[in-house]
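Letters A, B, C and D mark the chains in the order given here, with residues in each chain numbered from 1 onward.
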């Protein structure tokens, strides 16, 4: 049997290459570029918008700005004992720690919105103070001994990009909580379009490689690369659309317990869910909250802001199921890693495949994170990073489901085929959508 | 028996006079003065400070600014159908209604902190828009038919003053919720001082008049003026001090259930109370949060930020009791209506009686609201105002206790001998203190 | 003025006499009679019925049986150090303490239903063990020195009678929680009847005596007797009926916030109240849960199982108000202390005045406890009993409203004109009803 | 690659055989035997013990007795339209439905303890009524067409056995909630013993078959049989003992967040966990609640009543991890399916391996359910049973972790190598223990 293992199929037809030998000045430039792009996201905001927290999962914008700086301060500047770095304000160590117990106590997560001070201006000052020191450290660092430093900064930049997405998803929720429904920006999304017919892409049974190859950056939870045996399966050529989800609703989807997981049904009843988050009945039909304010629902774009429970119930109703994360990763093997990402500046799912070919499923990347049927657990042989950084991903491996592929709020340079995002099955405020799978037929 | 009733003793030795024939231009001037003093209170605040809500009882500063304007808009400008007034923004009708169900739905009280918009600047614009129209209305109003208008504006100004106090008490709580403990202003309170010996003022049994005379402004809940029979009683010459309350704590006050009301003890245990709100153990001994930040506790000033439960337990421990509101009103009869009010700009209780005479208890007014033993219920013959304004006071007559005398955050021109403030017995964030009473001796 | 006070009107035209010189053997007989009548109330129950607790306010029947025995054990047998009494089981000291912190820790109130053991049989054994010792103590006691003993036993018997009422009200709630709606007994209530026209009894303004005279037994909270000045008032000749309350409902009573206290409206919304407790729409019209199971609602009998909030809202809707407790006590002055009490064995309000005279309001006693407008606070000069028995009444003097007159589940020998019952304003599971009052007319 | 798959290793060295051609009279006999053994478990109980529910997860004994009968009534008697079966009481359809929404509404799970009626006696009558009809149906059934009937009865008997275990685990929790700590039975567990040295059993990487073969009964969630690729791994020769877990506690296990999953640590803090459920400090050292009452902790027996969070934290502390369910199933391949099961009548883990051989890990079966690292999700190709019976297992596939092997409260005839039990990661009231695994070494 062993011999067959060497033949295990690799899902990564064209593995992305991230530069491993990037020089420190290049890294400094990249650091400043990503840090500045975070601030650029905040340009449309009033000072008041930075401050508030409207549910526990949502953090104030200014907290994101501060916490990402705290991350560099804690794991790069302070951790580097030789740098002589002095924190701008010792109290920030506590205030802007999220959940890293290994580096000390943290301000309570659901109390992030009680902090009017430090002010937004003070937090920008903190950001720039940290930036100055990080860049200084990079400038000082010799090529030879800066491997660990570059690793940490790369990690910090990926962390920063995660919070870029959160800034968008959180401010959307903040604005939705306001009965006046402010808009973050003017709409750039075109209406109309068509829904392409759904086709199924088939994959054979077999032993497949999955997980991160070690080539370029990846979070610890994507490793080690390992083999998974898959039964034959099929995966849909595109995500489920608003129109298709509306048909589920019209067919009593939210009133039929037989379609739902038990916890899902309890959640539906407790929260009186009747549609995805952000859907509302308006004068001219279904409306949906977007970062451009309330808009008419476009039936042709991927459905978004559904929980795992809703994704699972929809799949059952549709006669399919959700793909496992391994199936998803295998299925996206040849797809180009392109799509409707944050760089588009649209920040909502759009119409059109972004993919000319029939060979691969479309929209595997961008538009919406796709819920998988896989609980978020450790890969075989998984070892969390050492120290407090081991808390980054590993300690969340219970009660969460994996989603894949990135969304319209994810920076394109942040995503990977092996990227494992994870959320509680009841979470809806992220740009989460649905792609169907089904068992292979003989 | 009837004859005796005409001899009923009046507690009001020197009844305050408020101008009944104030001209409209005088009223306009007073209107602008009070409205501007509200804004003056906000001068030390950063934009961020205006926005957040850190518990349900506490409203954001900008909400106070908007709601007080809403009050004039709703009950003066809109109610006056002839004025042709057009609201600046129709959505404010809902957003800034507090609890007047008679004029429509209101935004949920514990969600006032989820509104980043309208911005602080927009709310100031709203205030000034309303001011312009109110002043315009007053200018137009003829002397003869403006009685109702002047009544409503007077009510609105008293309402405004209540919110001036709330702006201070709420921002204090907001700052206390912040681990960095910001200061609202620089301290103007002198330390040190002495505690004067406690004396008891005696009052005979008898039938006393209590309640508002109808002379000058009063809330509906202070009326009608009526007779109350009192047994002989004694009232303390000054409020309980921090030092005295510290002795209660040292004697196990928070650990001895026999001193507490049953609901009080449950509250102590549920919240793990061990001292008044804002007390903390610091390096140099007991510290207390003030609007000037954390300060050493001054044992000579009146204790503050205690609940009714704590006041009641302290009184039991001290061998006394709290006065009823009728006793309090009788006892303050001859006392000058002076004291440490908001106009002092100190915003914390201070040392010294502010009263040279032995004839009357000191500090009946200002420094701290004094909890009474009286539940907040209707006076005999009480009739709430008509329409939605009847909701101002009347609908809160359950589960609340009366306090009297005003505090260091109350405008002096706002208080009266007959003024009935009311809070839940567990409330502590107001400047609430304790004055002891006991039964008369033969 | 003092002279007039001696003329204060006494509400007690015919003060009840309870024997002050009852011999100890008479007391022993009375003890056994009351103790046995408690057990007689339990005869219809299955063992299973004794065990469960369906909300915090409701205690299991077996807990009532044990706690009343614990009361005698603790305050009579154990307190009497000379008796050499040995508790049957030391663990009962903790298990069956209700809230007397002065005698030790108590089992958590809302966990009384988690105790399958001791069994019902064991608890009866405990009762009889206590009975044997109490009777033995009484037999031993000399006439001269047994005053305190007799006081304590009298208190214990009144306590026992309170729990007799609670056994009935609690088992009613327990059976109502069961979808099969078991019946405690066969119905003895006649249907039909008529509603007598409502008349108003007027009382003049004046200084009245209220509170317990010291003649016969009374709880500490009924003392001291003291004077109260009342404005002229009127009180209804009978309680509000089911039919009248149904008219309130039909007129949108539960949908009109302007009728309600603020806390009341919040309670209505939170609990989706649409009618009194136990009312339901059935096939043949309105049904109501009784101790004889579900029955058609009789419009002519006093409405029952309403909260203070509902009583207050109804009164406002009807253009009246609730009487204060002093008004109630004055008004009942000449009424015979008769009515539909527990001894009737009907356990629901009935039709008919039980009173031939037009001179006094009917049904002041029995049928339903009548909510008053008075918060439950201390009478002037009130001093709680010493030691742990001081916890009986005094520590509940916050957040409760007084009700008066006893109900169809109260033993007749237990009630007094001065009796102050008290419940949270949201409580409905007792037999609570409404009598209207209004201000006097000139 | 395909060829290698046919060589996939089967974990089932000696597959158990359950009779596929059991005659109907044999099945009737087995039916009665299992149904009676349920009742035999209740013999030690007082009537009161049957009634109460002390947390949502725990059901009253009488509910178990009724629900298991309801299961046969609903899925065998009523479903068989030809039988003319008339339910004993139509109301039981609602009262004793657990969660099968496909057959109608169910009484609320956390309100099972509010039902004093039907009485225990009535429920036994219900059981026997159902038994009579089931046996009657089996007697009538011809050999040829009774396949579906026999399937349903077999399912019902397995369901019955699950509730046998729950009767024991639930009554243990009920008795523990009682401060008097009653005993269910006299102890039959020997004290003392020794702890055998821990050894590791190694397994090679490879493609293994897992899941139910279709031979004999299995729940739908154990199917279909499918292949899993495993990396090399090692599994411990025995479960973790009390002594080993005590060392974890002594080493600060419950105070070190770095050992815990994030949700686990939150649970520890919220519930102030400091040890497994049922552990207490007594006069003579650590005590533990058992069905024989409080007993001294035996350090040599498997630790029990730990949550998944505790199992996971212990494993991390010990330098290992938990096995996946596939690893567990592979590892138990050759082990005899023997152990300390319910038939022993001990109902607590015991000392000794019950296994003479070094060839297989000991105690894989019985003593304690062993938490695995696997979230409870669908096997590839899983299809739930049709109709309401599809709700049996499938709808719980979120937020639960798989445990394996059965416990001292599981009937031996109920367990299988492929049996998947599942509980929330915070659950502790079942007999849940820990077996360590680790990665294979080269």
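In the analysis below, contacts are C-beta pairs under 8 Å (C-beta built on N, C-alpha and C of every residue); 3 or more make two chains touch, one makes a residue touch a chain.
This one's a predicted model, so the numbers in the text were calculated from it and none came from an experiment.
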_Third chains touching both chain D and chain C_ = none
_Whole-Å separation of chain centres (CA-atom averages), chain A against chain C_ = 61
_Whole-Å gap separating chain B and chain C, where each centre is the average of the chain's CA atoms_ = 37
*asked:* Quick check on chain B: which residues sit in contact with 2+ other chains?
replied: none
*Taking all chains into account, which pairs touch?*
A-B, A-D, B-C, C-D
*Please give the residue numbers of chain B that touch chain C in the complex, ascending.*
1-5, 7-9, 99, 101-102, 205-207, 226-231, 233, 257-258, 260-265, 308-309, 312, 321, 324, 373-375, 377-378, 380-381, 390-391, 395-399, 401, 425, 439
_chain B contact footprint on chain A (complex, rising order)_ = 46-52, 54, 62, 91, 94-95, 107, 111, 113-120, 174-175, 177-180, 182
